[in-house]
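Quick heads-up: structures coming right below.
Two complexes follow with chain A in common, the first pairing it with chain B and the second with chain C.
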Partner chain A sequence: MILGVYDNPDKTYAATKKLLNSGYSVEDVYSPFAIHGIDRLMGIKRSKLSVAAFLFAMTGLSLAVTFQVYVSYFDWPMIIGGKPNLHIPTYIPITFELSILFTAFGMVTCFFIVNRMFWGKNADIIDIRVTDDLFVVAVNVQQNKTDIQALNQLLIDNGALEVRERTKE
Partner chain B sequence: MEHAEVHIREEKYQISDGNKKWAFGLMIVGLILAAIGYFTYHPHIEGLGEHDLHHLIQKRLLSNLLVNGYFFFIVSICAAVFISISQIANAGWYIAIRRIPEAMSEYSLVGGPLYILISIIALPVLYHWAHHGIMDAESLNFDAILASKSWYLNVPFFYIRMVLFMGFWMFCAHLFRQYSRKEDLVGGLENYKKTYALSAGFTVVFGFTFSMFSWDQMMSIDAHWYSTIFSIYNFATGWVSALTIMYLFTHYLRGKGYLNIASDEHQHDLGKFMFAFSVFWTYMFTSQFLLIWYANIPEEVTYYTERLFGSYNFLFFFIIFLNFIVPFFVFMRRDFKRSRIVGFIVGGAILLGHWLDVFLMVMPSSMNIATNPTDANPTGIIKVDFQGIGLMEIGFLCLFAGLFLWMTLKALTKANLYPTKHPYVMESALHDVGI
Partner chain C sequence: MSYESPIRDQLVTGGKTYRDVTRDITRPLENAPSKGWWIGFSLSTLVLALWIGATTYTVVVGLGAWGLNKTVGWAFDITNFVFWVGIGHAGTLISAVLLLFRQKWRMSINRSAEAMTIFAVICAASFILSHMGRPWVAYWPIPLPNAFGTLWVNFNSPLVWDVFAISTYFSVSLVFWYIGLIPDIATVRDRAVTKARKFWYGFFAMGWNGSAKTWHRYEVISLILAGISTPLVLSVHSIVSMDFATSLVPGWHTTIFPPYFVAGAIFSGFGMVLTLLVIAREVMNYKDYITEAHLDAMTKVVMVTGTMVGMAYITEFFVAAYSGVEYEQYAFLNRAFGPYWWAYWTMMSCNLLAPQVFWFKWARTTPWFIFIMSIIVNIGMWFERFVIIVTSLHRDFLPSAWAMYTPTITEVSILIGSFGLFFFLYFLFCKFLPTINMAEVKSIIPTHHEGDHGHDSHHNHSHETAEKGAIHGN
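For the complex of A and B:
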């Protein structure tokens, strides 16, 4: 992988566009904040996290309803405040809360899994400076096929502060 | 970042013949329908004499005026609240559509005085606490509970509050429009800073005054009953309706080729707002209902027994369907928030639902006939069943909707369709919610 380090989001955007137009395969662009439009440029697909969120919410909802109906109607019916044992309004708060809880936990878990982050793993940061003020464009190279010299020149021509090589992990 | 070519156009809205036909058509048809409805309404209810039935016709007329006057007034004020909240949040995305809430707030110039007029006629008829003799210990229909609230619920104080609050909101809305239109001429940051300072003050004052306003106007129709969450529930109704109208106007104007800097991205954000605040409305609605239902205290449940077990039962569940089920499950999808057809269907459902919501706040309480208490009927109140959604209801809705449409469209012609010299206009034109 060849990394081009930039100090400006506009330069990063322009360099990425140039690389893609020249037929290079851009592995990823690393940035301390969101660069508008770069996701469209790189052709990143819409995240399926919202579908996952909906499914988690439905899981929470059905578990909450099942549990409450089982407890308050089948297993141990109790009369509280003269209310019927099987009645929708009673279930609203807990169902609502559990749907949210499952969504939140589920999405965080999904996020960790998708980003391959788990406890005890060493953070694999492409360049420590992207967590502060610099931007990195990572370009894939194929052994003996990519003209490294031309690629380096292209990155520097588009305003790279430095260009270096890094093995892909 | 790549900057697309942005052309800031100075364009004003041109009222088309179709607009005139619709706005005035709605008003005229509405007035005719309402008149037909009024003169053909001959209720026959057991236990009510000739005098009471005559009274009921008046009550239905005034209740309808009150529902529409209140609904459209709070919608137009909530449009001003949208400007002030976006301003103090330093939001940039909404600049492309900012003139739409500004134009909507201009309805209050007509709607406000009209509402005060309606209130002057309706107060002695619809509000039980304002009836003659309620607060008078000598009188036959003396009500000790209402009399103990007379320090707050008395006619002069009611009107002082009403005029002060409405006057303040309308004045602030006027200043928002004025600063914004001045900015188009002179540019610079001066008007932006003034709007910022005014917004901060207006939002705080609005929060407190709107609470009292909703107690006065809506909650005191049934003055024995009270709910502490009622004002925020009312605000949710007005706020989500205002957002929906903005959303529909944006679709309409973009369809006509105006608003060249507004895109699907702005539409999407307004759609998210509608989705979120429909859920917020449901939260408030459920919180109010659930606590009262659970506690089951006689003086609190009266409000819901009328609506839930009486003849209003269908409407009660219908508004939950329109205001929660439809926006929640349809607008959850990203492409539906951007779609014109789906947007119009969901927007229509939300507006109808919130109008019916206000209808349901007013009607069951205001249509009751108050008589002198007897041993058989110690409260002295004779409940009247739901009289249906008739020509009067539809007529007055059309009349006010036409008026609102006309005032808004006319206000759109007065200034550029978006503030061309606002500091954030470029940010709004390049607004992007991502993939």
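For the complex of A and C:
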């Protein structure tokens, strides 16, 4: 991999665009904050985490309704103040809260799984400065096939501060 | 990519670069704490000790340690509970609602506001536990098949809803806060020079690498978390208000309660955020991040929500008069002119009248004045809950049962002590975690400092890129 290091999101965006237009394969772009639009530029498909979130919400919702109906109607009906045992409107608050709870925890867990993130993970950081102030564009190269010279020149022409090589893990 | 709105001044002043942001915000974490921090931390630890003492005393002696009686069965405990839960709401409002509304000024205040939410909910929960009298059976409101057979909780009761609402609110806020912290924890990890720091921040950074794929997913989940936190925060205080509103007690039995409580919660929460931030920007020298424009925006929210609760007070009075129900009418007359008149008028003047000064620009941009006002707002909102709870209860349907309520020294100690708990946690947060969201702040500072592009071209470009964004999570 060849890494182009930039100090500015606009330049990073422009360089990535240029690289993709010139037919290079951009492995990934690393940045201290999200560069808007670069995901679309790189052809990253919209994450399905929102679908997961919806499914978790539905799980929470159905569990909450089932449980409350089971408890207060089937398992041990009690008459409190003459109120009906099966009274759907009073189930709404808890159903709502549990849907939210399931959505949040389920979705975030999925987020960690798809990113392979877990507590205590030894981070493989492309450049220690990408969490501070620099932006790195990682370009895939093939031995003897890619013209490294031209690639380096392209990165530098688009404002790279430095260009480095790194083996892919 | 920065987007500079033509109608707003720059959100971060002082011509900061990305590196400056990192350096400024990690400074308190990487250096020995200042004298101010030690003084504040020691003081709050002392007050926390008072809380521990008074709470322990209550648990050992029982609720007889409090000034409650047969007529006034809820007083300081629930007042403090509602007060602290309300404080918490501003954090979620700032981070979730303002995210949905794309209010970028939230970015330098959301971290500390969310921390405030979490600590405030911890304080609130402590009152729920202690007011039970026997905190060791606090699991009873949780629907578990229990020792009495398979007797379950009553799902028609708002008190049970509240258990679910508060615990969901606390855990979802914690998740939201932690997700926001991950990129910043990674920043601290990558700057770490000591072994312990490298280990702990590395542990909690979960291997964050800042790749575009990760950021993409991160923005998706941030947006969804904001989307679910917004109705959550509204539901939590609505449910808290239903603890009162679903009863038949005159003064509580009011349909206006949910929106009025939510407005009050945001009002008091912003009051507390201002208290904290006016100090923090001074002590930690964050004036370039938390600018006068931020104070201006927040005080406007205070004014609007203060006026909303003020309108609710007046509406309640009107509805009581209009309803023709004499018990309802008496409850409100008793509030304003009965033995607790002073509490009522403190509430009115602090919540409705005082925030009106924020119509003036000077009041909205003068930190010392805002600080005083924020304390007034907090006092007012504490009294609001006191008025609602105590004045409605102490003179009920039967004049023979009428009673007065006076707090004991134990109750006052728990109230003061809860501030110790809150600030103890807050000071620890200031020392160990970045108090401003670095990743987000970096995304809103202008990209070109040296003027290597013309101003106009930069402006156009920013607009172009802002529109290009697939998902504007931020």
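FYI, the second predicted complex is superposed on the first by the 169 of 169 C-alpha atoms of A that agree within 3 Å, B and C clash if a C-alpha of one lies under 4 Å from a C-alpha of the other, contacts with A are read in each partner's own complex, and residues count from 1 in each chain.
Rule of thumb we're sticking to: contacts are C-beta pairs under 8 Å (C-beta built on N, C-alpha and C of every residue); 3 or more make two chains touch, one makes a residue touch a chain.
Computed from a predicted model, the values in this text were never measured in an experiment.
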Clash-or-fit label for the pair chain B, chain C on chain A: clash
Touching partner for A:R46 - first (chain B), second (chain C), both, neither: both
Which superposed partner A:K17 touches (first chain B, second chain C, both, neither): first
Touched partner set for A:N122, first chain B, second chain C, both or neither: second
Touching partner for A:D147 - first (chain B), second (chain C), both, neither: neither
Partner chain in contact with A:D133 - chain B first, chain C second, else both or neither: second
More chain A residues in contact [chain B versus chain C]: C
First, second, both or neither for A:D157, with chain B first and chain C second: neither
Touched partner set for A:F111, first chain B, second chain C, both or neither: second
Touched partner set for A:G82, first chain B, second chain C, both or neither: first
Part of chain B, among the options 45-53, 99-107, 171-179 or 225-233, whose backbone runs into chain C after overlay: 225-233
Contact residues common to both interfaces of chain A (with chain B and with chain C): 9-10, 13, 34-37, 39-40, 44, 46, 50, 83, 90, 93
Sites on chain A touched by chain C in the complex: 7-10, 13, 28-40, 42, 44, 46-47, 49-50, 53, 57, 67-68, 71-72, 75-76, 78, 80, 83, 87, 90-91, 93-94, 96-98, 100-101, 103-105, 107-108, 111-112, 114-126, 128-133
Chain B-touching residues of chain A, taken from the complex the two chains share: 9-10, 13-14, 17, 34-37, 39-41, 44-46, 50, 54, 81-83, 89-90, 92-93
Residue ranges of chain C in contact with chain A within the complex: 1, 17-19, 22, 143, 149-156, 158, 160-161, 164-165, 168, 171-172, 175-176, 179, 183, 186-187, 189-191, 202-221, 224-225, 228, 231-232, 235, 239, 242, 438-440, 442-443, 447-448, 461, 465-466, 468-474
Sites on chain B touched by chain A in the complex: 1-2, 286, 289-290, 293-294, 296, 332, 334, 430, 432, 434-435
